[in-house]
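After this come two complexes, each holding chain A, first together with chain B and then together with chain C.
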Partner chain A sequence: MLGTDLQNYRTAPFDARFPNQNQTRNCWSNYVDFHRCQKALDAKGVDTAPCEWYRRVYKSLCPMSWVQKWDDQRDEGTFPGKI
Partner chain B sequence: MAHPSQLGFQDAASPIMEELLHFHDHALMIVFLISTLVLYIIVAMVTTKLTNKFILDSQEIEIIWTLLPAIILILIALPSLRILYLMDEINDPHLTIKAMGHQWYWSYEYTDYEDLGFDSYMIPTQDLTPGQFRLLETDHRMVIPVESPIRVLVSAEDVLHSWAVPSLGVKMDAVPGRLNQTAFITSRPGVFYGQCSEICGANHSFMPIVVEAVPLEYFENWSFLMLQDA
Partner chain C sequence: MSSMLKVVGKQLKNHPALIPLFIFIGGGATMSMMYLARLALKNPDVSWDRKNNPEPWNKLEHNQQYKLFAVNMDYTKLKKDRPDF
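Moving on, here comes the complex of A and B:
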């Protein structure tokens, strides 16, 4: 994938799926994608390094309080997304 | 920052704000020209003894005062749309900062590499040191590297707020549960002030924004020190 070089990561690049002002879904998608990726690769017993991109992007975009809330919800089993 | 009895905009500190300033000058000049013309015509009509009760129609002037306004409107619309599309360009930010509005302070999060977050409270008037600006200074400033494209994601933790810095030409509403993106580049180093721009309770007027643009090495030092303090 173009621009997915983790070594040169500066910040979340432009994502054509979310071209406009409202980036809420961008943060949400990357958070969910990271945890799905992790769960899927863990289940296969494979190294989860490919998931690192999603983690960097959601860390850049998502407010820390949102991440905290979602992490707590996942621990409780009340997270609204499908992982 | 704003000055006492200031009439115009603050000096521009970003390329977009420069464009907005020039467009405003252009549009205001047109407004002055039209207003002067209308005022002249009114004065002329009111102060003349000449009358003509038998005018029925006049093709020529009708054409002129239809075509001229249309041309003027186009002359305003074209630069305006140019700026609109300029602001809509896809940018490639070097840094993402989250500005979270609270009652009644802003908090800034720099999470591209480490988790750096801090609150930014207004300095109360009695605690100001000589030379500081009343109701504008904060204990911690949002420090950014100069001449780098910055993405700011604005949101709120309680009620509506709005993150605005006039000299950068930036204003973005802070809506709880929503992440609003804006971007800018500072053309020069400096300190740029703004104030919360959406009514948010008792201390709405007392939660200012201060952006400090510094060379990259200073920014790196600052973020290192801030991380240590956290």
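Moving on, here comes the complex of A and C:
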């Protein structure tokens, strides 16, 4: 039972853009891409389900403190990335 | 500058055993400079022109290899899995 549960767990797949040990940019890129995807698909009026992939990857990769900090910055309008 | 080269040339003629030293030191320095140049020009984290090329890591293909030697990673079998938007 534990074995099948373990087999169903997934994590972020290998990303050829970030092949080395430092995955900071991977986390940043997926966070920003998720919000860009949401904004773009909302503007078109389409269902934002494809953006789910980015959300899951950044949730796997990013430290929670970074995500909270960036969410606060987005709410204040001081987020440094371009969304 | 050329007088320095003349002095070195004379020393080499008197001590030809020093020539391999020049070859190896020169080779090492060249390899360092070439790696620095590769980092400056090809590294996807480097952006010289921030206005026209703000995120150079997004220009890599999903199975494009940047590393010089990739052990245990078969880049030909990678599939593209990020959705477009």
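Definition applied: the second predicted complex is superposed on the first by the 74 of 83 C-alpha atoms of A that agree within 3 Å, B and C clash if a C-alpha of one lies under 4 Å from a C-alpha of the other, contacts with A are read in each partner's own complex, and residues count from 1 in each chain.
Please note the rule applied: contacts are C-beta pairs under 8 Å (C-beta built on N, C-alpha and C of every residue); 3 or more make two chains touch, one makes a residue touch a chain.
Please read these numbers as outputs of a predicted model, since none were measured by experiment.
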| item | value |
| --- | --- |
| Which superposed partner A:K59 touches (first chain B, second chain C, both, neither) | first |
| Contacts of A:P19 with chain B and chain C, given as first, second, both or neither | both |
| Contacts of A:C27 with chain B and chain C, given as first, second, both or neither | first |
| Contacts of A:R10 with chain B and chain C, given as first, second, both or neither | first |
| Chain B and chain C footprints on chain A, overlapping residues | 13-14, 19 |
| Complex interface listing, chain B residues touching chain A | 90-96, 98, 100, 109, 111-112, 115, 117, 151, 153, 155, 157, 172, 177-182 |
| Residue numbers on chain C that touch chain A, as the complex places them | 44-45, 54-55, 57-58, 60-67, 70, 73, 75, 78, 81-85 |
| Residues of chain A defined as touching chain C within the complex | 13-14, 16-20, 25, 29, 33, 36-37, 40-41, 50-51, 53-54, 82 |
| Residue ranges of chain A in contact with chain B within the complex | 9-14, 19, 21-24, 26-27, 56, 59-65 |
